[in-house]
Amino acid sequence: MDEAGIQKRAARIKLLLMDCDGVLTDGRIWIFENGEDQKGFHTRDGLGIDLWHRAGLESGIISGRNSSVLERRAQSLGVKYLWQGRDDKRHAFADTLAQAQVNGDEVAFIGDDLTDLPLMVQSGLAIAVGDAVAEVKARAHYVTTANGGYGAVREAIELILKAQNRWDELVVPYLI
Amino acid sequence: MDEAGIQKRAARIKLLLMDCDGVLTDGRIWIFENGEDQKGFHTRDGLGIDLWHRAGLESGIISGRNSSVLERRAQSLGVKYLWQGRDDKRHAFADTLAQAQVNGDEVAFIGDDLTDLPLMVQSGLAIAVGDAVAEVKARAHYVTTANGGYGAVREAIELILKAQNRWDELVVPYLI
Amino acid sequence: MDEAGIQKRAARIKLLLMDCDGVLTDGRIWIFENGEDQKGFHTRDGLGIDLWHRAGLESGIISGRNSSVLERRAQSLGVKYLWQGRDDKRHAFADTLAQAQVNGDEVAFIGDDLTDLPLMVQSGLAIAVGDAVAEVKARAHYVTTANGGYGAVREAIELILKAQNRWDELVVPYLI
Amino acid sequence: MDEAGIQKRAARIKLLLMDCDGVLTDGRIWIFENGEDQKGFHTRDGLGIDLWHRAGLESGIISGRNSSVLERRAQSLGVKYLWQGRDDKRHAFADTLAQAQVNGDEVAFIGDDLTDLPLMVQSGLAIAVGDAVAEVKARAHYVTTANGGYGAVREAIELILKAQNRWDELVVPYLI
């Protein structure tokens, strides 16, 4: 999509929704002998989400898997909407929009695989991580340079906040 | 091998067999002080295997090592045939073909190292992961672009399901 | 910055301060189900810090997060100043300079993200890791070739010790 | 070094010695809150070491750190000589040569950092991993294409066994 179209779409976003595995992580599912789970989130995505919230915007995560690890991470980052164990993510998406009182064109969704497509086509700004599958990249308005788990979420957040002319004011406290 | 030859071989496949370490993972053997094991599987390989089963096809894993972690992952993905601790993988391969009632030319095998070679030469479609050793790559009908643990299995599954004209119907539910 | 300017700044450094996540690690925050933490430090950064101390110089870590893992690593490396859980890192920086009795232009700081900027602008030598965010790279005197967690700290240490003509004497014991 | 010189050196090797962190692993020191250790070894290095032993040759690991994890891995691979917690690795090296009844020119040593240099200069074939520090690469007879933890040891083993005309016979069992 052309740059101007992306900027226009980004300028309307009020709610950032995203998948977990492959978006907030590099897609690897780590399993231990006792069945426990482990996930690797990125510190620079974390600060990005923090800046997003400080801009007065809301965020949510819709994951196909179940993990108490994700619950911990979402809570520490102040992510308001969290849905897990969703093979079909459509209901979670609709419920979140209703609760947040936003329309589809006010939502940005970041995904990496087929299960994210139904939500991406309903979103004003559909973002694919750099290593998303071909079908997801083909239907995204924007594909991040960074891969999932290595700053893709941060890159998406900067894109939107800059389109909304909010980035500079958020960065100022670090420059003085 | 020429593209037409690969397509012809892929069109006949009914059973997907694969190694674990270096194919479903990036080859790293993680060990803890208490002797416990950990493995990193990829979420996008997982959805690929899920689509494979939904196409009515069967899958199996033949591993040289023993790991309860692999057992958990195989079970959650619905992998029907699982063999572990096999220094010589030939018997497991023969038994699986007998149980599944398929011939060698109906089997695709994905491998990365020398121990996979005896199974690859008996398989209708022998696939090497992108970072397989030279001997394995040289004898494979197809070498994936992706490395083991980073989507090589997903890539192999897409190749076969597309050759069988099954891919589009499997993806349709995500496009509406 | 020009090479001569970097050398001049490096020659004055007496204290090396750095961030942890994204600098001593690759930025990934690993979380377990029980809430435990894990971090991956690099062995070659470790030997670099060891050489730094053998040169009679001091070091410190100022981290935004809290982690007993970092405490263990810092202690085993003999890092003298350790501050954790610092959203605003300015006080920790000022306190460390007072304790170490050095001026800002005698401090090198290695960072990767916005929270490090206030300390970098007060440091005689501001170093960004290779995968730092754009704002940090733009304000650094030097950007390492290596990414955080993969030798960026070692590279910074070599740069400074070579500028101080100390590197060769430190390496000699390994050459005989 | 010229190809012929490397081949000549490799043809004499009877004992393979190597560092652990940064050679058998990618150099990352993983620490948990309870102080436990974790290491990531590579499955394809493992098969390489196995082939080395089947060729009737011996191997050993000389590590600067202490880790029960390394002990487990060394034991499962049948590595005969294991030394840990060696800041100065020279005594371990000399003792191993005496026990194995070999001369320095019959030893290959694979290293990544300064602490390995004193052993490399005493070895008939000094090998640096692809991401070794500059001083180590400069003094190595051979630098592997692969980085530590990602097949560097396998590459070194193949180089030597091929120079000794042993590789083909070891691979034959997998080709039939």
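The first chain written gets the first letter, and so on, giving A, B, C and D; residue counts start at 1 in each chain.
The definition used in the following text is that a contact is a pair of C-beta atoms (placed from the backbone, for glycine too) under 8 Å apart; a residue touches a chain by one contact, two chains touch by 3 or more.
Everything numeric in this text was worked out from a predicted model, so none of it was measured.
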item	value
Chains touching both subunit A and subunit B	none
Centroid comparison with subunit B (C-alpha atoms), farthest chain	C
Numbering shared by both copies at the subunit C-subunit A contact, with half separating same from different	different
Between subunit C and subunit B, distance of the C-alpha-averaged centres to the nearest whole Å	43
Centre-of-Cα separation between subunit D and subunit B, whole angstrom	31
Residue numbers of subunit B (touch at least two other chains)	38
Graph class of chain-chain contacts, one of line, ring, star, complete, other	ring
For the subunit D and subunit C complex, residues of the former touching the latter	21-22, 27-35, 38, 65, 112-115, 117-118, 121, 131, 133, 135
Subunit D residues within the subunit B interface of the complex	36-44, 46-47, 67-69, 72-73, 149, 151, 154, 171, 174-176
